[in-house]
Amino acid sequence: MAEGSDKAEFPLAERRLRLGVVGGGQGSFIGKVHARGARLSNRWDVVAGALSSRPQVAKESGRAWLLADDRIYTDYRVMAEREAARPDGIDAVAITTPNNSHHAIAVAFMEKGIDVISDKPLTTTLDDALDLVRRQKETGLVFGVTYAYAASAMVRQARQMIREGALGKLQQVHVEYLQEWALTPPKDAGAGAQWRVDPSIVGPTFTTGDIGTHCHHLGAFVCGRPVTAVRAEFHTLGPPKALEDTAFMHVRYEGDIPGTIMISQVAPGAHCGLRIRAFGDKASLEWNQEEPELLHFRRFGEPARILTRGEGAGIGVHAARFVHMPRGHPEALSDAWGNLYEEFAIAVEARRLGRTLPEGLLEYPTVEDGALGVKFIEAALASSQSSGAWADCTLQF
Amino acid sequence: MAEGSDKAEFPLAERRLRLGVVGGGQGSFIGKVHARGARLSNRWDVVAGALSSRPQVAKESGRAWLLADDRIYTDYRVMAEREAARPDGIDAVAITTPNNSHHAIAVAFMEKGIDVISDKPLTTTLDDALDLVRRQKETGLVFGVTYAYAASAMVRQARQMIREGALGKLQQVHVEYLQEWALTPPKDAGAGAQWRVDPSIVGPTFTTGDIGTHCHHLGAFVCGRPVTAVRAEFHTLGPPKALEDTAFMHVRYEGDIPGTIMISQVAPGAHCGLRIRAFGDKASLEWNQEEPELLHFRRFGEPARILTRGEGAGIGVHAARFVHMPRGHPEALSDAWGNLYEEFAIAVEARRLGRTLPEGLLEYPTVEDGALGVKFIEAALASSQSSGAWADCTLQF
Amino acid sequence: MAEGSDKAEFPLAERRLRLGVVGGGQGSFIGKVHARGARLSNRWDVVAGALSSRPQVAKESGRAWLLADDRIYTDYRVMAEREAARPDGIDAVAITTPNNSHHAIAVAFMEKGIDVISDKPLTTTLDDALDLVRRQKETGLVFGVTYAYAASAMVRQARQMIREGALGKLQQVHVEYLQEWALTPPKDAGAGAQWRVDPSIVGPTFTTGDIGTHCHHLGAFVCGRPVTAVRAEFHTLGPPKALEDTAFMHVRYEGDIPGTIMISQVAPGAHCGLRIRAFGDKASLEWNQEEPELLHFRRFGEPARILTRGEGAGIGVHAARFVHMPRGHPEALSDAWGNLYEEFAIAVEARRLGRTLPEGLLEYPTVEDGALGVKFIEAALASSQSSGAWADCTLQF
Amino acid sequence: MAEGSDKAEFPLAERRLRLGVVGGGQGSFIGKVHARGARLSNRWDVVAGALSSRPQVAKESGRAWLLADDRIYTDYRVMAEREAARPDGIDAVAITTPNNSHHAIAVAFMEKGIDVISDKPLTTTLDDALDLVRRQKETGLVFGVTYAYAASAMVRQARQMIREGALGKLQQVHVEYLQEWALTPPKDAGAGAQWRVDPSIVGPTFTTGDIGTHCHHLGAFVCGRPVTAVRAEFHTLGPPKALEDTAFMHVRYEGDIPGTIMISQVAPGAHCGLRIRAFGDKASLEWNQEEPELLHFRRFGEPARILTRGEGAGIGVHAARFVHMPRGHPEALSDAWGNLYEEFAIAVEARRLGRTLPEGLLEYPTVEDGALGVKFIEAALASSQSSGAWADCTLQF
C-alpha cells in the first residue's frame, strides 16, 4: 500500500481537442454522459455530432448541445467525411449508439484517421471486435472503450493496492451488478429500453452485454489479471423477453483464482449496484460504485479501514491524479467520466504530436479490453447453453 | 405486509424448565451461547451438564456455570440415565458437541424420554439424520435444531412479509456467509478450530456444514420453500486442510426459483457476514445478521424503506412476539438465542402438559430441518465432485 | 491504544446471587430489562419482587416472572423486612420504579443492609441524592445506578482508549440523544409515558432527567472527566406538557474542555439515537448506541478505522472482558445490561465476602455518579431559567 | 411530498456564455471548482481570467486552463475594462479570491455592466455587503453567490418537501459542519490555509465565515425561512491562531423555530461533514453532503425512507431538473456546481435578452443571501464576545 501521495500530474494540454459524437440525441442517456465527461475534463470541446439519424431530432439535439448548424449531421458517414476534410475537424469521435452499429461507425472514422472512443460492449460479434483490434493495430489510432466505472479514483486506488500486494496473495474475487429498471415491460419503457432487449440490435445477450461486461472488465482491471474462463446460468425472470435479464456465473482469473459474477436488471430496489470484493490471504478490498469515494480495506486481525479519495492517508499516485476536490468534497460518476476523457485526450494528443507517454501512465480501457468483453459475452452465452460448462474467455492479441 | 402490530403473546410458563447441556466446557464457544439464550428466555434453568469428557475440565466448567456438584457429569450416558431417574431431572438436553457425536447423544437422551435441542449440522451422515427423524416421529419428543439466526425478530418479519406477498412473485434469492477466522492455520488456532477441519469429527465438509447449512436454512426459512437442488464448486483457498473452506453454489428453491449461496471462512475482513437478499417482481428484502435490527424493504419505484424491530411501523405478529425492548434499543444475537429457547420451552412444556399449540405459533427449526441440512451438505459435496452437476436436495418425511 | 487483547476474566462467582425487583410489573418496560440483564449475567436469580403496588398486577406479574407466591409483594417495605429476615433473602434490590420513589425505596432496603441497584435519575432532588450518597458511605453497601449504555463493551473500549491517549489532547465532546416517542400526546400513550411528564412524579424535568442524564454520564464516563458546568436552553416542542421535551446545551468538562449535549424526545424518526463524538488533537472516536458493536476511530491524516467488539484487533482489556461471542456475532443492549449486572454481582459478592477487588476492575456507575446526574438536572434547569447562564455541575463527595 | 416527477426542463440556451474568472491560479482550490461547474453545465466557456496577481503564476495558470494569451490578466481592473470593451467580452465574472477582495472586484465588474458570481462569504464587512446589495438593485445585474451545497439535487428536494408540508409543522433544525484540515498549523499548510486565518484578509472570523456561513445558508434555504437570531460560543482549539476554529451556536429561524449550528475545522476524522437535520411534528429529513444522493425521510410511526436522486419515487420538480444521470449513477459536488452554474447562466441570459423567467424557477443564492451571511458572521461574533447573548441576524432589503 502506497504510503502518502506522490501526485504525478498528467502532461498539460497544448490545446483543447475537438470531439464529435455519434448517437446521444433526445431520449438517449449515454451520449449526454459522454459529453459531460468530455467537458468536465477541460480537454475537449464537443463541436460536431450525428446525434440522431432522424433529421429533426438531430437538429434539435444538436442545437440543445449548442453545436454549429453545419456540424450537425444525420449520417455518421457524412460526418466522418466532412470532419476529416475540415482544417478544424474533430480529433476523435465518441460512439454512443446501440451496440450493432459500433463496428461500422468505428470503421468509418478510423478509415478517415480519426481516433475512436466507443461505448461498450464493443460490438455484437467477436469477429467484428477482432476486426477493430486489427484495424487499430494497423493504424495506430487511439481506441478507447468507456468502461467508465473503472475510471473512478478509488477503483484506480484498488488496482494499485492489489498490484503492490496489499491483499497478500489474491484468492477470490466477487463482482455483482444489480439493477431494477428492466422490471418495466419493454413496451412501457422508453426507446432506450426497447433496443436493449432486441437481439437484432443488442446482440446475443441483454444483461450480460449491458452490465455483465462492466463486471468482467472491473474484476480484471482491479485485480490486474484477465478472466480466463466462465460458467454461466442465464435466467429471464422479469417481463417476457427474448434474452436473459439475470445471470449467475463462476469465473476464473489468470492464475486459477476463482470468483463469481452476479448480474440482474430485474432486482427491485437495486439502482446501479455494481460492487467488487477482492480477498487475498492478508486483506480484502471492497468498492461499491454507488459510494464511489470509499474503498474498504480490511486486514485480517486489524480494525477495518476506509480509504477515501483525496491526497495522503494511504492514497497512491494513480488515484491522486484524479483528485479534483479535496477529501470529503465528493466526486462521483460525472468525475469518473471526466477522468476517462482526460486520459483519452492525453492519448489522442500524444499520438498527434508523436509524443511517447511514460509506461503505465494511462489506464483507460482499450479496444483489446473491448474485444475481451465481447469474448466474455459469447463465452457466458455458450456456457449457459451447455448446462454451465466452463467456457474459455481468453484472446491472444 | 402486515400493517400495525397485533402482538400475540406466547403462553405463560407454568414453571421454569430444567436444561442439561452436553459439551460447552472451557474453550468451547457455542455451549455458553446456548446457556445464555436459555437464561435470557427466563424459561429455563441450566441445572446439569456433561460439559466435557475430561473430568477436570468438566468439574471446573460446571462450577463456573454454578451447577451443583452432583449434576456435573463427564459421560453423557451417565447423565442421561441419572437425570432421567431424578424427580427434578432435566426436561431437555442441549447438545453442543462436535458434529460426529450429535447422533449418539441425541439417541441416548431420546431413549430416556428427554427432549432434545441439538446444534447444527444435525449429524455427519444422512443415515444418522434420518434415524433421528424416525425416532422423533416414533417418540413424539420435541427436537429442535439451533439455526439461531433464523430466530432474529427481523428474520421472522421477513418470512412473514414474503408469505403475505410483500415481494410480489418471488424470483431470486441470494444468501452469503463470509468469515475470516480460518485464515489462521488450524494448528495455531484453538481446539475449536481444529476439530472443525478434521473429517473424522466434522463429517465430509468443513465450511458447507458449518456455515453453508445456515445459508441453506435461512434461505428456505425466509422464503417459505425448500431448496430443491444445488450445484456447487468447492475450494480450499486458505491454509492447507483436508476439506473446503470456500464454496460457490447455485441453488433452486421450490417452484424453480433460482438463487445463489456463497460461503467462505477465509475472507479477511469478514466476521460473521451472513446476508440474505430476496427479490420478487414488486420488491426486495435484505437482511444482514451483523445489523440484525434492520430489514431493508425496497419496492420498485418507491423510496427504499428500513423496517426496524419494535411494535407498529409495519411489524407483523411474528416479529412483534420477540420485542423485548422498544425500537432503537438494539437486540442482537443473544436475544435471538433467547427467542429460540423461548420457543423450545413452549414446545417442551406443551408436550409435557399434552397441550396443543395454535398452528404456526412456533417456527423453531426441527429435526426435519436438521436432516434437510445434512442432505444439502451431501448434495453440495456430490455436485462439487462431479463438476458442478445439479444434485437433489429434497427429502420426503 | 491497547494493541492486542489481554483478556482479564472477572473472578468466578461462589454462588448465584438473589435479586429482588421493585417496580417492573405489567406495562413497565425497564423492570423486565433489568431482569433480563440479571439473568443473562448468570450471576443472579430473580427471586422476589414488589412488581406493583396494585395486588392483582403484582400477583400476575410475579407469576409471569415465575416468582414463588410468598415472594410476590405489593409493598416494598414489607418486602425489605421479610427478605431481610429470610435466610435465603435477597442479596440486592433493583429499583425500577418512577423517579420520585427511588429515594424512599433505596433507604428502606439500605436500612436492612441490602445492596441497591437503582434506575436513573437517582432521585428527584439533589438533597435526596446526597442523602443516598451519605448513607452509602456510612453503610459501605454496594449502590449501583443503571446507566446501562455505558456498560456496552465498545463504550468501555472508548474510555480505555481515551485514558491511554489515543486521541492526543482531548479538545471537544459532543453527545446527543434523540427519540420520537413523546410525539404521542401523553393521554394517548401508556402509563409509562404519562408519569414521565408529570412533575409530581418525575421531578423538575422530563427529557433532561430521562435521557439528558444518559448523555451527561456517557460523556463524563467515556472522557474520564466530569462535566463541570452547563448552559441550557429548554423547549417544549411536542404535545403540550408541563416540562421540556427538548434541550440544547453547552457544557464544560474538567480541564475546560468544551462540548455540547442535544436531546429531544419529539424528534420523528429517531428511536434511541444516543451518540457520542470525542475529538482530540490527533484523532476522534464516535459511538452510536444503535450500532453498539462499532467504534469509529479516526486519526488525522489516516484512513478511518472501525474497531469492532471481539478479541484482538486493537481491543483492550476492558472491552475484552465483555466478549461473550466472537466478533461479528452481534451483542447489543441486552448484553450491556448483562455486563452491568455482572459487575454489580462481583461488587455485591466481594462486599459480602469481604474481598478486595483490584483497583479499576469494575466501572459500573455508583451512587456518586447518580448524584452528579441529579446535580446536572438541577443545573441545566437553573440555566434554562436564567437565559442560559452557566451553571455549576460539580459535587464534592 | 410531491408524488411522481414532472420534470420541468430549464429553457434552452441561445448560446454558450463567456465566463471570466478572478483568482483560481496555481495553488488555489476553489477557482478550479468554479470552472468545472461552469464547463459541466455546458452553458459557459471559460475564456478569460485574472487567475493571479503574480504575472508568472497568472500566465502559467491561464495556459493550464487553455485561455488565450490576450485574455490572461494580472489585474482584475484591467480585465474588467478590456473585457467590457471586447465585442466577445465576458458575460459574467466569477470571483474566487480571498474574502477581503470580493467587494472591490465585484464593484469593478458591476461598473462595467458585467454580471457577478461571487464566492462566499460575500464580503468582510456588513457595510460592503450592503453596498453590493444596493448596487445590484440599482443596476439590475445578476449577482449570484456560490453556496454550492444548496445546489445539490437532494437539497432542492428537501426544500420542496418542507415547503409542501412533508414534515408537518417544522419544530427544530440542526446543522453541523466539521472538518479536520486546520489541525495542520497554518505555517505548515499551503497558502490557501494561511490567508484563511489572517484577520486582515479573511475578516473578523475564520470558521464562522468559512463554513458557518454554509450552515447558515443551508438551514435557511432548506427550511424556507431565515435565521433571525444567534447565540454563539467561539473556541480556538487547534494550533494557535488569531481567530476561532470551532463554534457552537443556538439559532432561531423565523417563526421562533429553534435550532443549533455546530462547526469546527479541527475535528480529526471529519472531512467535509456538512449535515442538516430538520424535524417537524410528523416527520424529519436528514441530508449529509458526503452522501449527497440520499435524503433520509422518516415519518413518525413508519419505516424510515431513503429518497434518492432520480426521477419518480417521490422526487419533485426541483430535484428532477437536476437529474443528469439516472438514479444510482451517482452525482456529487461537481454536479452541484454544474447545477449552480446552469442556474446562473439562465439568469444571465434572461437578463441579457430581457426575458422574464417563471417565478420560483431558479433558486440560486443571491447577493441578499450573501449579505445575510455576513450579518450572521457579525452577529455570531458579537454574541460570542458578550457571553452568548442573543444577537439579531435579520436584514431588511
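Order of writing sets the chain letters: A, B, C and D. Residues in each chain are counted from 1.
One rule holds in what follows: contacts are C-beta pairs under 8 Å (C-beta built on N, C-alpha and C of every residue); 3 or more make two chains touch, one makes a residue touch a chain.
Here the structure is a predicted model, which is why all the values come from computation and not from measurement.
Between chain B and chain D, the least number of touch steps comes to 1.
Averaging Cα atoms per chain gives one point for each, and the point farthest from that of chain C is the centre of A. For the pair chain C and chain D, the distance between mean C-alpha positions equals 43 Å. Mean C-alpha position of chain B lies 33 Å from that of chain C. Among all residues of chain C, those that touch two or more other chains are 270, 304, 308. The touching residues of chain A, when paired with chain D in their complex, are 12-13, 15-16, 29, 32-33, 35-36, 39-40, 42, 63-66, 179, 181, 270-273, 289-293, 308, 310, 324-335, 338.
Of all the residues in chain A, the ones that touch chain B in their complex are 167, 171-172, 174, 180, 183, 231, 233, 235, 237-238, 246, 248, 250, 258, 260, 262, 264, 266-270, 279-284, 286, 296, 298-300, 304, 388. On chain A, the positions that touch chain C within their shared complex are 297, 301-308, 312-314.
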